[in-house]
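Shared between the two complexes below is chain A, which has chain B as its partner in the first and chain C in the second.
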Partner chain A sequence: MTAPTLAIRDLTLGFRGWAGQVDVLHGISLHIMKGERVALVGESGSGKSVTARIVLGLLQQLKTARIGGLVAFEGQDLSTLSARQRHALRGTRMSMIFQDPTSSLNPVYRIGSQFHEVLKRAEPGISAADARRKAQAALADVAIPDPARALDSYSFQLSGGMNQRVMIAMALANEPSLLIADEPGTALDVTVQAQTLSLMRALVEKHHTSVLFISHNLGVVREFADRVYVIYKGRIVEHGRSADLFADPRHPYTRALLSAVPRITGGGIPEIDDVSESYFAPMVVHEGCGEPGEVG
Partner chain B sequence: MTALLSLDRVSKTFTQGRHEVRAVDDVSLDVIQGECLAIVGESGSGKSTVANMILGIYPPTAGTIAFRGEALPAARTLAHRRAIQLVQQNPLSSLNPKRSIGASLRLPLDVHDLGPRAARAARVGVLLEEVGLPADYARRTPESLSGGQRQRVAIARALACQSDLVVLDEPTSALDVLVQARVLKLLNDLRKGRGLTYVFITHDLSVVRNIADRVAVFERGRLVELNPTETIFSDPHHPYTRRLIGAVPVVTADEVRLRDRLMENDNERA
Partner chain C sequence: MKRTLFILLRNPLSALGLFLVALVVLSAVFADFIAPFPTHAGAVVDFANFNKPPEWPYVFGTDLVGRDLFSRILYAYRISLLLGVVVLVVAVPIGVTIGLVAGYLGGWTEYVLMRITDVFLSIPPLVLAMSMMGLLQPTLTNGMLAVTAMWWPWYTRLVYNLARSEKEEGYVLAAEVIGASKAHVIFREILPNCVPSIVTKMTLDLGFVILIASSLSFLGLGVQPPTPDLGSMVADGAKYLPDSWWLTVFPGLAILVAVFGFNLVGDALRDVLGTGQ
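Right, the complex of A and B next:
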């Protein structure tokens, strides 16, 4: 059996501040096999984005962060790597898509030269002409109608949906084995969001890319992910395949979260507590969804 | 069924140099006393422009807006400003960070000279309790509240001057889903309790389904469909409405069936 693309075991995170340590993650475990799309869903402040930042190796550089537990990328323990080695992974073996595409592109450079930068991460000596050819092919892959024109544009000349596609193309350009998508498309219109997601889905399927999909939108998660981890205040509370979890949510928090989503079939607005003791109930794991190497 | 607010052939054109943008194009609609009218559409559909014209931030280029049967002037009087209030999307940027919650709520009472001066501090406390916050939050700053609590303060401020019409511009889209449910509930209860009228601007159709009485769908500045919420979600007439509903991410199998049925109708009619 090959090692999972990403394995996280008992990950803890605390920030040391002037008033002592604030614990953010209380021992979370998750794994992503090759080509799998896994979602981490939770409210703001639940610890979704810091998890992504640890996987990328960004929080390790922060002096106040206290990180414990294991993060292994393709079988390699990230904590044994130097900062330089972690840097080498980013943009090549793992890449990330952010929430707001327009602000993650630099407005003073053309898309073409930013794309060249991205391609240089994997192939430092790549010529401008080669990069342009590759970039055009990548943009055509994300259904951008006139790739040459897009490459000559600045990000503010393109629409939000276009920018998001450019980001997806850049993130996948170096064929990473892990793609981290932090709330992609939240800043976009629903119709554009739906198109972007189906496009992203088709592309990661084609390249067998593993995806860690971070979102607070349960509807989007249901449509995109194979498996779902629900996170609440730095603890995983439920884990299961998307279909099982949405059909049969078992943890009180997941149930509350699901029932709080307004339905297009109507039914009014439910009465729900935003805090409840029961949300701290132990984790529920659906059948056949244990962490690798665990019993059961 | 009296119209509290009516838009009659309202258009708004923005000019920048020689470039002209028709943000709102010949829109007529009535907002009925006591209803919640949702205005939905994608970005650039003109929904915020409509809101700004209702609030009097800028006048329409053509057409008239009438409130209780009287045309609203371009420069609003104090009485108009008292009657029509706004709740914005991001309460952190719409509340003054240097001003305590109490001072923010007190301001409309002073501006509109409501009630005896000595009773205003107590009135602020009552307002806070009405939106489900403890009265002693008046001493706090916006920074020390959570997103949901801040939005409650913004709602209390819009109600402080006994407004009749509240324009809600994406009031819950910056909130988490559990908090959103509670704020929506509060908005619904306040509307029934105080006999308010809402113009609810949003792009989230699943919220609209559960709070609005009627829905106005905007596409590129044009009003393409205006129908009761039931009709919009069971038998949408305009293909654009069907496309919008078809793109909503949903969480239950029932919803998937509804969406598929609407999209099927779309293909048949096409």
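Right, the complex of A and C next:
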């Protein structure tokens, strides 16, 4: 069996400040196999985004961050790599897309030249003409109607949905093996979000890209992910295949999270405790979903 | 660029500013052709025509040794503009770089750089420039040096604050994630987004640099005679007010025109580029 694209084991994170250490992650474990789409779901402040930043090696540079546990990317322990080696992985082997696509593009450069920068990461000597050809093909892949015109535009001249597709195209341009999507399209309206997500899904399937999908939008997760981890206050509380988990949520926190989804049939949002003793109940793992090396 | 110019010309105040700036710049550049007495920029003495009120061919009158004031003002503009441009060309890159680095890197780097900046800012600017000129020889180069030393911290402050807000923008994180180096993020991502504010401040400052340089020469610490300088011309004439009013009024008006012109253009640029602070 090949190594998973991403394996996280007992990851802990704390920030040391003037008033002592604040613990953010209390030993989370997760893994993503090649070509798998895995969602990390939780409320704001549960530790979703910091997990993504550790995987990208961005938090390791922070002097106040205390990181423990193992993060292995394609079988390689990230903590054994130098900052330079971690840096070499970013933008080539792993990439990321963000909540707000429009602010993720620098307003002073045309899309084309930003695309060129991205392609240069994988192929430093790439010529402008080659980069343009590749960028056009990549934009055509994300169903942008007139790629040449889009490349000559600035981000503020394109719609939010177009920018999101440009971001997806850029993130996948260097054929990374892992794509981290941090609440993609939360800033977009729902129909555009659905379109871009199905587009992204088709593309990652085509390229066999693994995806770590970070979201608090359960409807989107249900559509998009193969497996789901539910995170609460820095702990994974439930782990299962999307279908199983949504059909049969077993952990009290997952149930609370699912019942908090507003329903169009009315009835309002039910009263849910913000914090309940039961949310700290032990982790629930659904059948056949153990971490590799533990359950198999 | 074309659009900017169009908007500038549509507003009467900014059009006036542009006109004044063009007037000052053109008269400085073409001083050799416009000035009726080009030699009067140097050490020339013509006691036959000394201290004359404005009359043809001396449209602004003559000074105490008989030199044409109009010609001298044209050449003085040349020195003032040169000084202003050199000061900004040296001070702005220093100030901007320090501000960007401090704002983006944060931590100890920020602490050290910004405290050094604060020390410079805490000394009244004219006092700093005066003490530097007192220590050094009062030459044009040292004058530029003194004004530069008091000028860069203002750009550090401006850009530091801009960089602090820009680094929270999504595109900075996006660049970091694709593996951009710190230098790339600072100079290729953040800096271009600060340029409108920097350009606006530079335009406004060109007038102030001319004013400060004139103040220094007024105090006898700037450019030395016989080189024409607006500040020292005002200072020399002040002793003979109000009888020989043209000795001070015309150089004073010349300073006013330059500073007013650059301020109007700077204000207009701020509106056009949307860099209101």
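Descriptive notes on the structure:
We take it that the second predicted complex is superposed on the first by the 290 of 296 C-alpha atoms of A that agree within 3 Å, B and C clash if a C-alpha of one lies under 4 Å from a C-alpha of the other, contacts with A are read in each partner's own complex, and residues count from 1 in each chain.
By definition in this document, a residue touches a chain if its C-beta (ideal position, glycine included) is under 8 Å from a C-beta of that chain, and two chains touch if they have at least 3 such contacts.
Since we're looking at a predicted model, the values are computed, not measured.
After superposition on chain A, the partners chain B and chain C are accommodated together without colliding. When the shared chain is aligned, chain C comes close enough to touch A:95, but chain B does not. In the superposition on chain A, no contact is made by A:60 with either chain B or chain C.
Look at A:87: by the touch rule set out above, it reaches chain C but stays clear of chain B.
Looking at the shared chain after the overlay, A:261 reaches chain B, while chain C stays out of its contact range. Measured by the number of chain A residues touched, the leading partner among chain B and chain C is B.
In the superposition on chain A, contact is made by A:222 with chain B only, not with chain C. Contact with chain C, but none with chain B, is seen for A:109 once the two complexes are overlaid on the shared chain.
Judged by the touch definition given at the top, the superposed model places A:121 against chain C, while chain B stays out of reach.
Once you line the two complexes up on chain A, you'll see the smallest CA to CA distance from chain B to chain C is 12 Å. Of all residues in chain C, only 107, 169-171, 173-180, 189, 192-193, 195 touch chain A in the complex they form. Interface residues of chain B facing chain A in the complex, by the touch rule stated above, are 42-43, 147-148, 176-182, 184-185, 188, 203-207, 209-211, 233, 243-255, 258-259.
Taken together, the chain A residues at the contact with chain B in this complex read 43-44, 160, 189-194, 216-220, 222-223, 246-247, 256-258, 260-272, 274. Against chain C, the residues of chain A that register as touching in their complex are 56, 58, 63, 87-92, 95-96, 98-100, 102-109, 117-118, 121, 167, 170.
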